[in-house]
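What follows is subunit A paired twice: with subunit B in the first complex and subunit C in the second.
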Partner chain A sequence: MLFNSFNFVAFIIPVLFLYWFVFKKSAVYQNIWLLVASLFFYAWADWRFLVLLITSTLINYYLGLKIYQSEDDDRRRNTFLYVGLIFNVGLLLYFKYVNFFYEGFYDLLNLFGADLSYNTLQILLPLGISFFTFQTLGYLIDVYNEEIEPGKDLLEFSVFVTFFPKILSGPIERASGLMPQIQKKRRFEYDVFVDGLRQILWGLFAKIVVAENCAVLADLVFEDYQNQPASTLILGTFFYAIQLYADFSGYSNMAIGVGKLFGIKLMRNFATPFFSTNIADFWRKWHMSLTTWMMDYVFTPLSFVLRRRQKQGLMISIVITFILVGFWHGANWTFIAYGFLHGMYFIPLVYSGKMNTEHIVAKGKWLPTLKEISKMLFLFVLIMITDVFFRAANVSEAFDYLGRILSSTIIDFPIALINGTALTTLLLILIFVSVEWINREKTHDLEISKYPAVLRWGFYTIIFVLILFFGRSAETFIYFQF
Partner chain B sequence: MEINMIKDKINQVLVGILEHDNFEIHDELTAKDVDGWDSLSHMMIITKIEEEFGIRFKLRELNKLKNLGSLVSLIQSKA
Partner chain C sequence: MIKELFIKLGLFCFICLGIVTFVLVNYGGNVDFFYEKFTAPKAKSMIIGDSRSMQGIQPGVMNKSFLDLDIELPMFNYSFTIAQAPIGPLYNKSIEKKLDPETKNGVFIISVTPWMFGSDKNKNNLAGEFREDHQPPHNMRFVSANPNYEYFIKNLNFFHFKGAFRKSSIMHKDGWLEENNLPKEQVVFDEWKSGQARSLNRKINEYKVSELRLKSLDTLIKKLNKHGKAYVVRMPIDQDFVDIENLFYKDFDVDMESVTKDNNIPYINFNNIRDRINFKTYDGHHLDKNSGQHFTKVLCDSILKYNKNTKLIE
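And then the complex of A and B:
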């Protein structure tokens, strides 16, 4: 059930109505209802894995309690943590990565002349597994580190894991942020509710207008890249970079917006990442729930162990962390290459010691300076390069694509992209980027609650009209496959 | 070691690594309040503090730190 489907509208209206009018009496009632709705939502997406989701919830609930109760016994604590790590990482490895290692193993043997053939194992990927597994992993580690107390109430813990707006594609929530909200009764707040609707509207615009129109053009180029001149390939990458961002940030805004309708504030996942002047800044604003997760549970321990190696240790930690960030997306060398490139982009920053810059470009000003513009453009080009790996079917295709850009056809007319769709899409991107620029200091991309009513409603109308005229139906989100 | 001496040394470490002194040392100070004290510079600050005081932290101790005050007490318990 996609957020941008009529099924979802038919689902959310009665769920919300009963939540605020019938189950409003206490947190327990609200949580029972949220759990029922969440399990239904997940089952609708893929009922076969409902048992897996429930089992994972129960096991992590039990392990969290056990780690906490073994307070004085370090060996027991460690054992329960390791069981948790093996269980959660094992789930991911089995469902997501087993074929990758299996094929890699055979390829390696064949490299030494073994001449073996293999059949890919047929394993279906449970929806949302990368997201909810990371959430429960983080939870267990936090309990182990005594940063949080475990969820003692199974109902509350189950809502924490399964809360439907974020179950399929995040944000990857932390117990410290979400649990306290689930533990107390939610009161209806008009402002929060309306802000949620606003955020959903903007997410919808990003997804079905911007991302879907870009997708048409990016697909056109990527699926026939061998017959396109370099100039078209560059534009294709440009449209894909915007598509990827609008798709996932649009999804995230809708998820967070839906959370607000229930009085629950989920983590921010994107903070206008393309308005960054260096790569560290970009990652502070891109898929933030994954980046902060990786920072806390991978980078920090790693850089702690390697801290005596100074900048070299820092560098190694960053590259490994980003390779894992890439690999998290899927079992393909393209994602490893994507992560590796991003990690490498940090090297100049680490050695110049200039990774700590102002997070908001041109804070308090209308326009950026020329220097800021050139830095943002340069960063955007670097990201476009990595997005070719993200999009390509395999690494050699990505190299082939990039190689073709470095040819004399770079001055050719990008004929395949001179059409009505491309020009309209460019205009839509301009609107999209302008609104994000104006709101870059706000808590989300369409935080216009302080604007006069006329302006706000004018704005909603324009977005609504744009959705009506330029929206395309969307069957899925890019991040559902991860 | 005396608390003020510890704070002085931490101040020097921060200035040395962050290359500015736009902050005031007090117990409630957190990394978020200081420009440039983020996850990347954090470990360099920690390593420098270890060197300056001749101590070693455990990762679990660092995870539990809430603010500068708790860092000072941790150093005091070790130095």
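And then the complex of A and C:
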């Protein structure tokens, strides 16, 4: 059940209605109803793994309590934490990565002349596993580190894990942010509700107008890249970079917006990342829930261990963290290369000591300086390069694609992409980027609550018209595969 | 506060609905290939078939030809494409919905192709499995509502709203699809034709002839004959496409002759070698606008001739 489907509309209206009118009496009622709705939502997407989701919830609930109750016995605490880590990482390894290691093992043996053949194991990937597993992993570690108290109420904990707007593709929520909201009764707040609707509208626009139109052009280029001139390949990469962002940020905006309809604020996942002037700033704004997770649970402990190596240790920690960020996306060397490249982009920042300088481009101004523009464009080119790895079927294809960009056909006219669809898409991207630019310092991409009513309503109507006329059907989201 | 929310949400929905309604009412034929088929009132005379008849048989031409006869007009083209409307119980049911039950003297052109009697090999028709299930017109409860919001909601993916600006393909209110989006270069047509041939050759392996669909044709003819006269027509296509169809369904003409003979109606086969007239197709099996106009006149003449011979009309 996609957010951009009539099925979802038919689902959400009665769920919301009952939530605010029938189950409003207490947090318990609200949570029971949210749990029922969430399990139904997940089952609708893929009922076969409902048992897995429930089992994971129960086990993590139990382990969280046990870690907390064993505060005087370090050995027991460690044991319960390790069981939790093994269970959660094991789930991911089994469902997502076992074929990768299995094939890699055989390929390695064959490299030494073993001449072994193998069949890929047929393992279905449960929807949202990377997201809910990271969420529960983070929860256990936080309980272990005594940063939060465990969820003592199974119902509340179950809602924390399964809350349907974020179960399939995040944001990867932290217990410290979500649990307190679930523990208390939600009261209807007009402003929050309307803000949620605004975010949903913008997410829809990003997904079915921007991302889907870019997808048509990117697919055209990537599926036939051997026969395209370098100029077309560059444009194809540009459209893919925008598609990837609009697809995932669109989904996140819709998820966060739906959360707000229930009075629950999920964490922000994107903060106009392309308006960044360096890679560190970009990652502070791109897939923020994953980045902060990785920073807290991988980078920070790792850099602490390697602290004696100073900048070298910091660099190693960053590269390892980003390789894991890449690998989180999927069991493919392309994602590892994607993460590795991003990690390597940090080197100049680490050695120049500018890694932690946060910078809002053109803060308080209408337009950026030329220096800022050139930095943003340079960063965008770097990201386009990594996106080739993200999109390619394998690493050699990605290198082949990039190799073809460095050819004399770079000055050829990109005939394949000079058509009505491409020009319309560029115009839509311009609208998309302009609105994001205007709202870059705000809490989300369409925070226009302070604008005059006429302007707001006019804007909503224009967005609806653009969705109607330029929207394309979308059967899935890129991040559903992760 | 909730009251204010409902009022504002209602107003926004009203604005959106107004925009959608405006587009559907004024540009319905430009923004979707089937939408207008479900806005027209119930029909008294119909053209039934796939994309060949949807583009190639023009109700306007037929209305002129049959104007002076005692036939309940106007004609309505209720053809779809092979994906939506192969002959079968589902299509029959929809035709019945679209047909005006008061009709006594209608004309019903059933355009047939061998593919319309093909079923996916993995679908058991006898168990109620049909590849066209969940597609329009079978997912439609209301087939004569204007504006038709049911179609909009259930088949939103079919819409191409940008068509309101381009106006290249027009689905007329009489159900005829006027295709104005054809390329100028012969090389493109040649590519299309070879692409279509490849696609049909694939179908030979994917499809099997369905006895149930054949029976459904018989049922359909019997039903329509109660409201007038049915004519089974095999539209003209290029000879190499006839050859492909013969590979799939060798006895097609024999079976059509048989079912029409049983129902005492004509089978008008425009691919019959003896009487063959070459109509120009743009991809091997779809007539372009001009050929379609010519063909429709020839078809009307054939019907008139048949009726004179059988003394149905003077």
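The rule is simple: the second predicted complex is superposed on the first by the 481 of 482 C-alpha atoms of A that agree within 3 Å, B and C clash if a C-alpha of one lies under 4 Å from a C-alpha of the other, contacts with A are read in each partner's own complex, and residues count from 1 in each chain.
One rule holds in what follows: a residue touches a chain if its C-beta (ideal position, glycine included) is under 8 Å from a C-beta of that chain, and two chains touch if they have at least 3 such contacts.
Source: prediction; values computed, not measured.
Asks: Quick check for you: in the superposed arrangement, does A:Tyr29 touch first (subunit B), second (subunit C), both or neither?
Replies: In the superposition, A:Tyr29 contacts neither subunit B nor subunit C.
Asks: So, A:Glu147: does it touch subunit B (first), subunit C (second), both, or neither?
Replies: first
Asks: Please work out whether A:Phe6 is in contact with subunit B alone, subunit C alone, both, or neither, and reply first, second, both or neither.
Replies: second
Asks: Of the two partners subunit B and subunit C, indicate the one touching more residues belonging to subunit A.
Replies: Tallying touched residues of subunit A, the top partner is B.
Asks: Which partner does A:Val350 contact after superposing on A: first (subunit B), second (subunit C), both, neither?
Replies: Only subunit B; A:Val350 stays clear of subunit C.
Asks: Quick check for you: in the superposed arrangement, does A:Tyr62 touch first (subunit B), second (subunit C), both or neither?
Replies: After superposing on A, A:Tyr62 lies clear of both subunit B and subunit C.
Asks: Applying the document's definition of touch, where does A:Phe188 land relative to subunit B and subunit C: first, second, both, or neither?
Replies: second
Asks: Tell me the contact category for A:Ala280 with respect to subunit B and subunit C: first, second, both or neither.
Replies: first
Asks: With touch defined as at the start, can you tell me which subunit C residues reach subunit A in the complex?
Replies: 1-2, 4-5, 8-9, 12, 15-16, 19-20, 23, 153, 156-157, 161-162, 164
Asks: Spell out the residues on subunit B that touch subunit A in their complex, using ranges where they run on.
Replies: 18-19, 35-44, 46-47, 50, 59-60, 62-64
Asks: Please output the residues of subunit A touching subunit B within their complex, sorted ascending.
Replies: Its residues touching subunit B are 145-147, 280, 284, 295, 299-301, 303-304, 307-308, 310-311, 313-314, 317-318, 350, 353, 355-356.
Asks: Contact residues on subunit A for subunit C in the complex?
Replies: So the residues of subunit A in touch with subunit C come to 6, 20, 188, 190, 193-194, 197, 424, 457, 460-461, 464-465, 468-471, 473.
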